[in-house]
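First chain A sits with chain B, and in the next complex the same chain sits with chain C.
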Partner chain A sequence: MSEHNQQAVTRYRNNFLQEVEERVEDGEWVKMCMQCGVCAGSCPLGNAWQHTPQKLFMMIRAGKREEVLTSDSMWMCTSCYNCIVRCPRKLPITHIMHGLANYAHRLNLVPKGQPTREVARLFWNSLAKTGRVNELKFSLALYFKDGFVQGIRNALAMQGVGFGLMKARRLNPMELFGGHKCKDPGSLHKMIAKAREIEDRKKGFAS
Partner chain B sequence: MSEMKTAAYICSGCGLGDKLDVAQLSRIAQKEGKMALVREHAFLCSEEGVQMIRDDIDREAVTHICIAACSRRAKTEAFHFPTVAMSRANLREGVIWVVAEGDQHDEVRQEMADDYLRMGCAEVKKMKLPQGNPAHADNRRILVVGGGISGLTAALESAEAGYEAVIVEREAQLGGWAARLWKRVPFRQPYAEPQDTGLSELAARVSSHPRIRVHLNSTIAETSGAPGRFSVQVAGPSGTITEQVGAIIQATGFDTYDLGKLPELGGGKLPNVTDQAGLEALARTANGTPIKRADGKSVQNVVFVQCAGQRDASGMHLPYCSGHCCATSVKQAMYFKDANPQVDTVVMYTDLRLPGMGEDFYRSAQRKGVTFTKGKVASVEAEGDGCAVSFRDLILDEDAVIAADLVVLATGQVPSAGVDLDAWNPIVTAAEGGSEEARQKKAEMQKISVLNLNYRQGPDIPQLKHGFSDSHFICFPYETRRTGIYAAGPVRRPMDMLQATEDATGAALKAIQAAENASLGRAAHPRSGDLSYPVARLEGCTQCKRCTVECPFGAIDEDEKRFPVFNESRCRRCGTCMGACPVRVISFENYSVDTVGMQIKAVDMPDEFSEKPRILILACENDAYPALDMAGLQRHLYSAFVRAIPVRCLGSVNTIWITDALNSGYDGVMMMGCKHGDDYQCHFVKGSELANYRMSKIDDTLKQLGLEPERVTTCEVAITDNARVARLINEYVEKITEIGMSPMKGFG
Partner chain C sequence: MAKKQYAFYPGCSSQKGASASNFLTSIGVMCDKLGIQLNEIPDWNCCGASIGYAEGGELPRLAISARNLALAEQHLPGQDMVSGCPACWLSSRETAERLNQFDGLMAETNEALKEVGLNLQGTVKPRHIVEVLIEDIGFAGMKEAVVKPLQGLKVAGYVGCQTNRPFGIAGESFENPQYLDMMVDAVGAEAIAGYDQKVTCCGGALAFSEPDKAQKQIRCIVESAYDHGAEMIVTPCQLCQANVEIYQSEINKKHGTKFAMPVVYYSQLLSVAYGGSVKQTGLDGYIIQPKKLQDIAGK
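Showing the complex of A and B:
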């Protein structure tokens, strides 16, 4: 259990709802759910989830901290916004799903190898470094996320596409070396660091 | 009225003149209808046409008129002649608008119109001009039984409208349940916070009102009389006082469901399980500070169990929803949250129902952090010095337990309507039969009576389901089945304070109407303003008691010799007694066995080989007849073989009409009335049910006559069934055509 997680558990004890309210993006909305189940019925991927938004909200109220934060479900949200449009109580459900996912990520409680989280992490790392997403590096990192052999297999499977893109001049192999970046990555890093500091303070991650 | 002089007026407006042979109608009115005066007019409801009729009444001393034009429900303002007896032959909605267009239908259309005119002439000759109830009295004071929110509101509204009011309250102070609340559910914008009940101000206003008299610590020892002249014995601390009043409002409210009946939820067993009323008491003690339990411990977590002993399908507890408890629990959870936001408050519900603006209140509670859990509580057990609530979480579909310092059960409202007459009547019969046990039981039952009516039909207002007073739920909710007595508040159906206030205001207005109508010798709702009243030819009476038993409104008492004693002021003029009477001695001046019987006989009956069946429709004037009119208005065509007669209620249909009709050659009889049963729509509550019951016995009569049982049919018709009623008629005519013509033709 991470240090932050330990700290949150101590602080909120059984009151997970309060924890969500204070630390999860848009978490203060959870208490306004009236359990009508329209979100669960509206979600195009609802069947694929272990827990629908309705259930996640109920679990939060019931204090099922571990189950909620280690759930795979909020990671499955595709941001189609059907639930937000339909929620009679106007809960920003999509945002709450992302908020929960983000909180679980920060506490490092996400199931191992959760693919959405991996993609997001690679995307963010690429972006935060240079201010630009390096498509070539990002793709290759994705190919190799499950190991070297699997990476080679993935790359071979996709080589036709890669050559096609190169021919059409949509992919520059030279990007592999450095690649293009924004004008002043140093300032970007400072901005991100500041934003993170503010968020950490707000969400109780400041040590 | 001395000499009868008859007149018929035939209108040829609205297309009547184009579709019908008016000259022939005139001849029929003269020759067959035997009308002394027959006039045609191209536009009878015009000022000129109406003036023509008025002139005849004034100059020719016409006393009985038959207007052959549109339905009796149309142009009532133009055709308003209060000094003469009047019948209306419905040629527009009843004939030209419902019979198919075209020459090939000319013959049947004309026959239909001819018959309606014959019927109108026959009817009016048997009618008398109603003179008004001779036994009327004009006391217009309003007695209110019960001094809770409903009673106080009813008394105040009556007094503010200029009527004297008397309140009888069993307790030592006014206010009832409402006065025992700490706060009430909000009834004003923004519907977010519990509000002050305002009860002390209301009680003070009532107590000091110059037109309101209050009897505290008092009950009703006896109620006798009728609207306009009720005499009420009020038993109070200083003896019995007699109050004379014109109408009564029963606002006796409810009791809470007995906690002791819910041992599985800890009710009556665990000290820290209470009901909503118990929590209000704790809140009043706390007076705005954090609520403490009875043992003085402060409450850190509280669980509200909704639907405790309510909405129960097992038959052990209340089967219904009391309507207010969700909002009440939300309010009570706020008591805790407002005093200390750290207190855990869980409302455990299966369906949260907050009618009115309750959704706003619900949201407000969610904002304050009240937790709502959809779950069904299985049991409440003692744990430590608190409770453990075991429940099935209905969203997560699993069993769970939560701990609570205090558990509040949302139990329901049990009406205090008095004696259940369905249980009472058999006991009275047994007691009259000499059973000592029954006599004791009767005395025991009488103790809970509210009104102690000295009516033959029992001491209280009749109940429908679950002990709530019986009333026409949709059309006139405050009416009870005792004329001049109105029910308001939770005695009528479960409700909250706001609804009770509205209810009480409505009931006050109805009570005022009843007293006013009674003072003029007129009927109350739904035949409001009717001056006719039942008259019995007692020399023909066989003392069978059917009229006294079947009267839905308890209007008829019995004298020592068991002859019926009519209380005209209690009568609603439905005619159920007339329909019940096997020797046909009961009639109204303008509605009798004869007025309808003569119409039935006036129809010209084609012979067996004409292939023109005749079908009699007896249609309830409240719903079925308007539905027929509207079928005409919307041009839903139906067969020209039917002849429709409006009746006051299907309950007023005397079986002699059916036998007469069949004997005189009708091929079928359709009776159209309102829905009956528990969800009845009958405007006279029992009329359509009784008619249905009576007709279920008519099969024997049909067999004796050698007729098929299908020749008499009963159907339920709502006022909105315009297209359906036309379809019903056509289907029935088809069926009769299949069966064949009646063999009885030519004998009548």
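Showing the complex of A and C:
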């Protein structure tokens, strides 16, 4: 168990709802859910969720900490915002799903190899490095995340799409050598680090 | 007539050589004819998109969008911040609203912004280009500029998610927004009224991580366009455009379908109707060629 996870378990004991309210983005809304299930029925990937948002909210209230945080359900969120606009109680459901995923990620409780977590991590790293996402490096990092051989396989499988985009001038091989970026990535790194430091202090991640 | 001035946030996908670079090309003629002047925000950064949540958390995500807002405020004071990408618009608008709404968040964000020598007042208003077209130009204005009506072109208006939710266009319905069809009509093309996948999600960033699930969505979006007799799909979203166009070949490979449905931007319909050439309107930037629109543009 990670150190942060151990601290959270000790601090909140059996009150997982309180933990979510204090540490998960928009978590204070969870208790407002009235279990109507509109979110579950509105989700484009609804049938891929082991636990729909409605179920997750009830599980949080029932204190099912491990089941919730190790679930890969919230990683199925496509950020379509259907659930947000349809929720009769106006819960910011999409944000809560993002918040739960982020919290599970920070506690390192996400199922190993969860693909959306990997994509999200590579995307953020790409933007944080230079200030702007490098689509080519991001895609290649994704193909090669499981090693060189698998990477070549993935790249070959997608080569039709890749060459098509190159021909349409929507993928530039030269992006591999630099590419678009902000003028001073160094200060940008400091800004992101500062924001993270403040957030960690607020959410109890600071050691 | 003096042009209307806006601070412009292009976003990563619109950069030269990126997946929506032809979108940026396509708005040139449209903005020129409608008297819209877009002034690029110097040194803007990525908004984090929606998928930024996992690693970015809350404050780092707000901070990167706040940096763009602060740059706009400082360099282009008094101008609304306009973006062409729904994800950029959503992140910027969400940031602007949250920072003004919740106690302490603005101060915390400004503490982070100090590291890049900026300070945000929170006065700048993030908008989508579509809002500028509808609210500042109007449908009548969009129609007036037409020199080449797109007669006989049957178009499925695919709005997708993030231009439509959670903010959407003021006064529009989340379930069945009308504005895209009205824009199609304004340039003389025929919007397909019964297109039932108008606001279906294309899978978004999960096209990368859960390709089969996303491609199932894309299949519905394309199939319905065929079923309703559309000759092309038109969308306001860069990610929708990319996902729905480029994965058709993958779906064909896996399911034996013969999809070849062009997916273009609304701005290309407008720019072609305003007299733009194939090159000027970015219609040369596709894997699936929008032949009929290219022919009109080439005439």
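The rule is short, and it goes like this: the second predicted complex is superposed on the first by the 203 of 207 C-alpha atoms of A that agree within 3 Å, B and C clash if a C-alpha of one lies under 4 Å from a C-alpha of the other, contacts with A are read in each partner's own complex, and residues count from 1 in each chain.
One rule holds in what follows: a residue touches a chain if its C-beta (ideal position, glycine included) is under 8 Å from a C-beta of that chain, and two chains touch if they have at least 3 such contacts.
No experiment lies behind these values; they were computed from the predicted model shown.
For the composite obtained by overlaying on chain A, chain B and chain C can both be accommodated side by side without a clash. When the two structures are aligned on the shared chain, A:Gly131 is found in touch with chain C, with no touch to chain B. With both structures placed on the common chain, the touch criterion links A:Ala206 to neither chain B nor chain C.
After overlaying the two complexes on the shared chain, residue contacts for A:Ile152 are found with neither chain B nor chain C. Legend: residue contacts after superposition of the two complexes on their common chain; A:Met32 is shown touching chain B, with no touch to chain C. When the two structures are aligned on the shared chain, A:Arg61 is found in touch with chain B, with no touch to chain C.
Of the two partner chains placed by the overlay, only chain C lies in contact with A:Arg196; chain B stays clear of it.
Of the two partner chains, chain C is the only one that A:Ala101 touches; chain B does not reach it. When the shared chain is aligned, no partner comes close enough to touch A:Leu176: not chain B, not chain C. Between chain B and chain C, more residues of chain A are touched by C.
Chain B and chain C never share a C-alpha pair closer than 18 Å once the two structures are laid over each other.
Touching of chain A by both chain B and chain C, each in its own complex, is seen for no residue at all.
Interface residues of chain C facing chain A in the complex, by the touch rule stated above, are 12-13, 15-22, 43-46, 48-60, 62-64, 67, 108-109, 111-117, 161-162, 165-166, 168, 174, 200-201, 203-206, 208-210, 213-214, 217, 242, 246-247, 249-250, 284-287. Contacts from chain A toward chain C in the complex involve residues 25, 44-45, 48, 76, 78-82, 84-86, 94, 98-99, 101-102, 105-106, 115-121, 123-125, 127, 131-133, 135, 139, 142, 160-161, 164-165, 167-172, 174-175, 180, 182-184, 187-188, 190-196, 198-199, 202.
The touching residues of chain A, when paired with chain B in their complex, are 17, 31-32, 34-35, 54-55, 58-59, 61-62, 89.
Residues 352, 362-363, 366-367, 369, 371-374, 393, 395-396, 400 of chain B are the ones touching chain A in the complex.
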